[in-house]
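Which chain is which? They are A, B, C and D, in the order written, and residues in each are numbered from 1.
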Amino acid sequence: MPMTPEQQAEIDALRSNPQPTLRAVAEGMEKHLYTAYDVLDHGFIRVIDYMGDDAAICQAARVSYGKGTKSVQNDEGLIRYLMRHWHSTPFEMCEIKLHVKLPVFVARQWIRHRTANVNEYSARYSILDREFYIPQAEQLAAQSVINNQGRGEALTGEEAARVLEYLKGDAARCYDHYEEMISQDDQQGLARELARMNLPANIYTQWYWKVDLHNLFHFLRLRADAHAQYEIRVYAEEICKVVADWVPAAYGAFEDYRMGGATLSSKAIDCVRRMLKGEEVTQETSGMSKGEWREFEGIIG
Amino acid sequence: MPMTPEQQAEIDALRSNPQPTLRAVAEGMEKHLYTAYDVLDHGFIRVIDYMGDDAAICQAARVSYGKGTKSVQNDEGLIRYLMRHWHSTPFEMCEIKLHVKLPVFVARQWIRHRTANVNEYSARYSILDREFYIPQAEQLAAQSVINNQGRGEALTGEEAARVLEYLKGDAARCYDHYEEMISQDDQQGLARELARMNLPANIYTQWYWKVDLHNLFHFLRLRADAHAQYEIRVYAEEICKVVADWVPAAYGAFEDYRMGGATLSSKAIDCVRRMLKGEEVTQETSGMSKGEWREFEGIIG
Amino acid sequence: MPMTPEQQAEIDALRSNPQPTLRAVAEGMEKHLYTAYDVLDHGFIRVIDYMGDDAAICQAARVSYGKGTKSVQNDEGLIRYLMRHWHSTPFEMCEIKLHVKLPVFVARQWIRHRTANVNEYSARYSILDREFYIPQAEQLAAQSVINNQGRGEALTGEEAARVLEYLKGDAARCYDHYEEMISQDDQQGLARELARMNLPANIYTQWYWKVDLHNLFHFLRLRADAHAQYEIRVYAEEICKVVADWVPAAYGAFEDYRMGGATLSSKAIDCVRRMLKGEEVTQETSGMSKGEWREFEGIIG
Amino acid sequence: MPMTPEQQAEIDALRSNPQPTLRAVAEGMEKHLYTAYDVLDHGFIRVIDYMGDDAAICQAARVSYGKGTKSVQNDEGLIRYLMRHWHSTPFEMCEIKLHVKLPVFVARQWIRHRTANVNEYSARYSILDREFYIPQAEQLAAQSVINNQGRGEALTGEEAARVLEYLKGDAARCYDHYEEMISQDDQQGLARELARMNLPANIYTQWYWKVDLHNLFHFLRLRADAHAQYEIRVYAEEICKVVADWVPAAYGAFEDYRMGGATLSSKAIDCVRRMLKGEEVTQETSGMSKGEWREFEGIIG
């Protein structure tokens, strides 16, 4: 449970005080505002603010004076057309601001998405909490034997137990020493900007993260993908849920064309054409490498 | 008067329909929403949407759970501190979306500010209106004799009259021919994407422009500056007015530290120090070039 | 012929003076340096500088100490893998700087690609040359009757003649007046920053444009595409040629996966699977709109 | 000594093989190429590649056909003018690529500079080395008592000894467990992407970092500043040295206008004017807060 009673009270206060606005309001998003959705053992995502809705995408695409909506059906068709033809700028007209609590090693992947605005809790200035990500048993995965950058089966027995013991013990000891080093009881106390270097990468940090819908979709496509590391994927999946309520038409198009879609190379298209004409195509006759062919079979499979 | 009755009716409809929201609401901005503020002879700016307020800047800077406001005074002090020390990320947490109608040669300067989102009215797809910027008499300025990139006194008499005649006549003729070329009456009609090439740079275009507050301040510092071309400066000045109502504390800090501030080189700082100690410093003893010295005198003037 | 003898002499001087460097050298690119390749009637592209080669992409992907090359074959396989799996950052490690001369209406499309560095010839400061793009007869296309944003057949006969007359006549007259307005013979002379507004969008401008290889590929995919406007496509095609010589492995992967590739939606993938199993799928049973189905047929064609 | 003999041999090989190029060559930079300059206990910076020189800045500013150099003096004057008037785009025409080895907590600050290209060594894919930053005695600083985000005096005696013991001991133990967890001797071996979470933030990582000169100057202004954390400042200072050799005129202007310069608020300018007229101005009569006044005194000091 990541919220203290004080934090929960602040959130409740914010949720109890609707105010009139003339801006576009997305009903589906209002219900999510401020609420923390748990991710991993101590993390969360919370929607802090948003700008725009499905109609705003169309309004911008049409550079119109009014609401831009001719009808919900027209809007959906236009949104699907924009997504299909890689028109990115209308989707940039929607914006979301999230408050995220996440382990440092996840934050290090996340921040690689550069077209976003970030304010991170400062460990130069403030003291981090004693909260570390400890994987659940089913996530204690072995190194994949077929993919250098992936996971295999979950560890079991003594090996799993030993890993958990290491992760828990090292986190606790490192944090104890962090606290001792910065303590100003009977000593000067090490600078916080130095003491933080003793903390392992599973400690939690938090930030405000603001991004436009186009760049968010790019983030979600990569991070909600089955090949993404589990610990960032669960954040992406939680975000997908609120986005589906915020901009249902845009999210639907994203699911169809991006998440569920696939890009075929010119060689792959050629193979599909030959196969549809009845030819028996094999990896050898495809012109593709073994890796490409395996991925191709996964798509048309 | 840039609005048609239909457009004005759409705007009135939007302004008459407040809805409840749980998001941060900036009272000062609500009153501006959708309304078109005239700029130049046919242009305008309109606020279409916004995200955040002064408190949101502080909330992000503190990565806090609640509203982030301890008191209005505290917030203002923090905002001034952030501005003074070039902390840009908290200002990026506010966002504004504008609808702007502007001459093409102004749009070409404006678009050079790359960190923004834009949807422009498409002249490949649609037909541009017959609206051209024709300067008022007092803006028909001569080339500056001291600055290759500036204006001198306003032209007068026959010369001014001739310039106006050229601008009006060429715009009208080019537009007549544009219309004739795309007409499909008794002919095929030239492709719009080609016909537009006949239109001079004072024709009006329009776009949706979305930008965060940090990058907006950067835009305003350069474009509301006395050295900016008049025709873009008047847009920047109109935007300044709505920003002052939207985020009064941030705008106040921006005025003090950026618009009204000045950067001194190490040589200039050295001169100030010597002058404050009573030394008579001249351009020759300053270490500065003539141009730098002239600008320095303008600052300490 | 866009070069004056003086300009050509400057280019020849640069090409005649090789110097030793320890940096990665791309033989295929050295032969293109500085040379102007004609595009349209007065435009060109020239490579001014470049950084990196195919090996540099691999070196960065491996974060290695030496050249990063194990073998040319290994490098090509890695580059294809990176392209296939949307690993964009290694391609960002190569950079190219071009000098481009292009009509203003083309420049206005081009500049929408924001992740690039640009220095444009300033018409506030300098005087533009009397050079306008006048389409060749076969490019004087009619508005498409099936696509609002496209071209149909070339105009013919009187209509074509009238269009050419308008384009040439209006350009000439606007430029004559531009010259007269800025002239300082017996008059003050209008400020250049104002006079330029009288020039139509087919006047040529020029700029230095610097971009990394990842963003260049994005530009080329959109602008060398058959749906791009002809007048920007010919620039993209000319750039494709030098890129093919600069980074042959990366360009090959780009051609296969991006230019020649296609993205299928989840609905389209489902249709392919059903068709490969022998099912007769029609637009009605596909779940796709008519537009989507038409595009799908074009791919599997 | 961060280089292994094999790595040094690779570097020597690269340095021994000059090749002819027609590109702009910066003599001052060639001598630095590939060489590793030590930073902290195990870190370094190495220049891998560069594009452009002082002349290239001027060439782009003038959008010229040839070398752009009229004379070295003219070039320097132009560069100082561009820097003084915040013309950023010509400086973006130079680019540098660095290979950097640095502790993770430094990398986390560094990556916040978003306008750059990065390829980091992947701990999902590869195994990190046993190398941790352990501060030297004089850098084991206490928390500042006047600035929440700063350092005070160095710790001494038992307290310093205890801190070092903690840092060294925890790093060693965490790394031992990291190795044990990923080991595949007689066990499956934990996935690398999970095991890395046990490593503290003083472990070293490395990356290729590519940035244009304008954004590099922005980085250096903030990170070579006296208020930056020591552990990133030493990297910035080392980079300053190579930049001074690469683009001496641009670096000189940067030193004068940015590093050695200061921005005065409108209130501060008003105070300077009053003081120069002989008025005795105090904090109370300045209109500034105590913090601002203290900083102001530091400038005019």
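Simple rule for what comes next: contacts are C-beta pairs under 8 Å (C-beta built on N, C-alpha and C of every residue); 3 or more make two chains touch, one makes a residue touch a chain.
Keep in mind it's a predicted model, so treat the numbers as computed, not measured.
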> Comparing A-C against B-C, which pair counts more contacting C-beta pairs?
Replying inline: B-C
>> What's the distance between the Cα centroids of subunit A and subunit C, rounded to whole Å?
In response: 33
> So what's the Cα centroid distance for subunit B and subunit C, whole Å?
Replying inline: 29
> In subunit D, what residues contact two or more other chains?
Replying inline: 89, 112, 118
>> Testing understanding: with touching defined as stated, what is the shape of the graph linking the protein chains, line, ring, star, complete or other?
In response: complete
>> So in the complex, the part of subunit B that touches subunit A is made up of which residues?
In response: 3, 6-7, 10-11, 13-15, 17-25, 30, 33-34, 48-52, 56, 59-61, 63, 65-67, 89-90, 92-93, 95, 97, 99, 117-121, 206-208, 210, 212
> Which bits of subunit A are touching subunit D when the two form their complex?
Replying inline: 103-105, 108, 111-112, 114-115, 118, 122, 124-125, 133, 135, 139-144, 148-153, 155, 159, 162-163, 166-167, 170-171, 173-174, 177, 180-182, 184, 187-194, 196-202, 229
> Which residues of subunit D touch subunit B in the complex?
Replying inline: 77, 80-81, 84, 86, 89, 112, 222, 255-257, 259-269, 272-273, 275-276, 289, 291-292, 295, 299-301
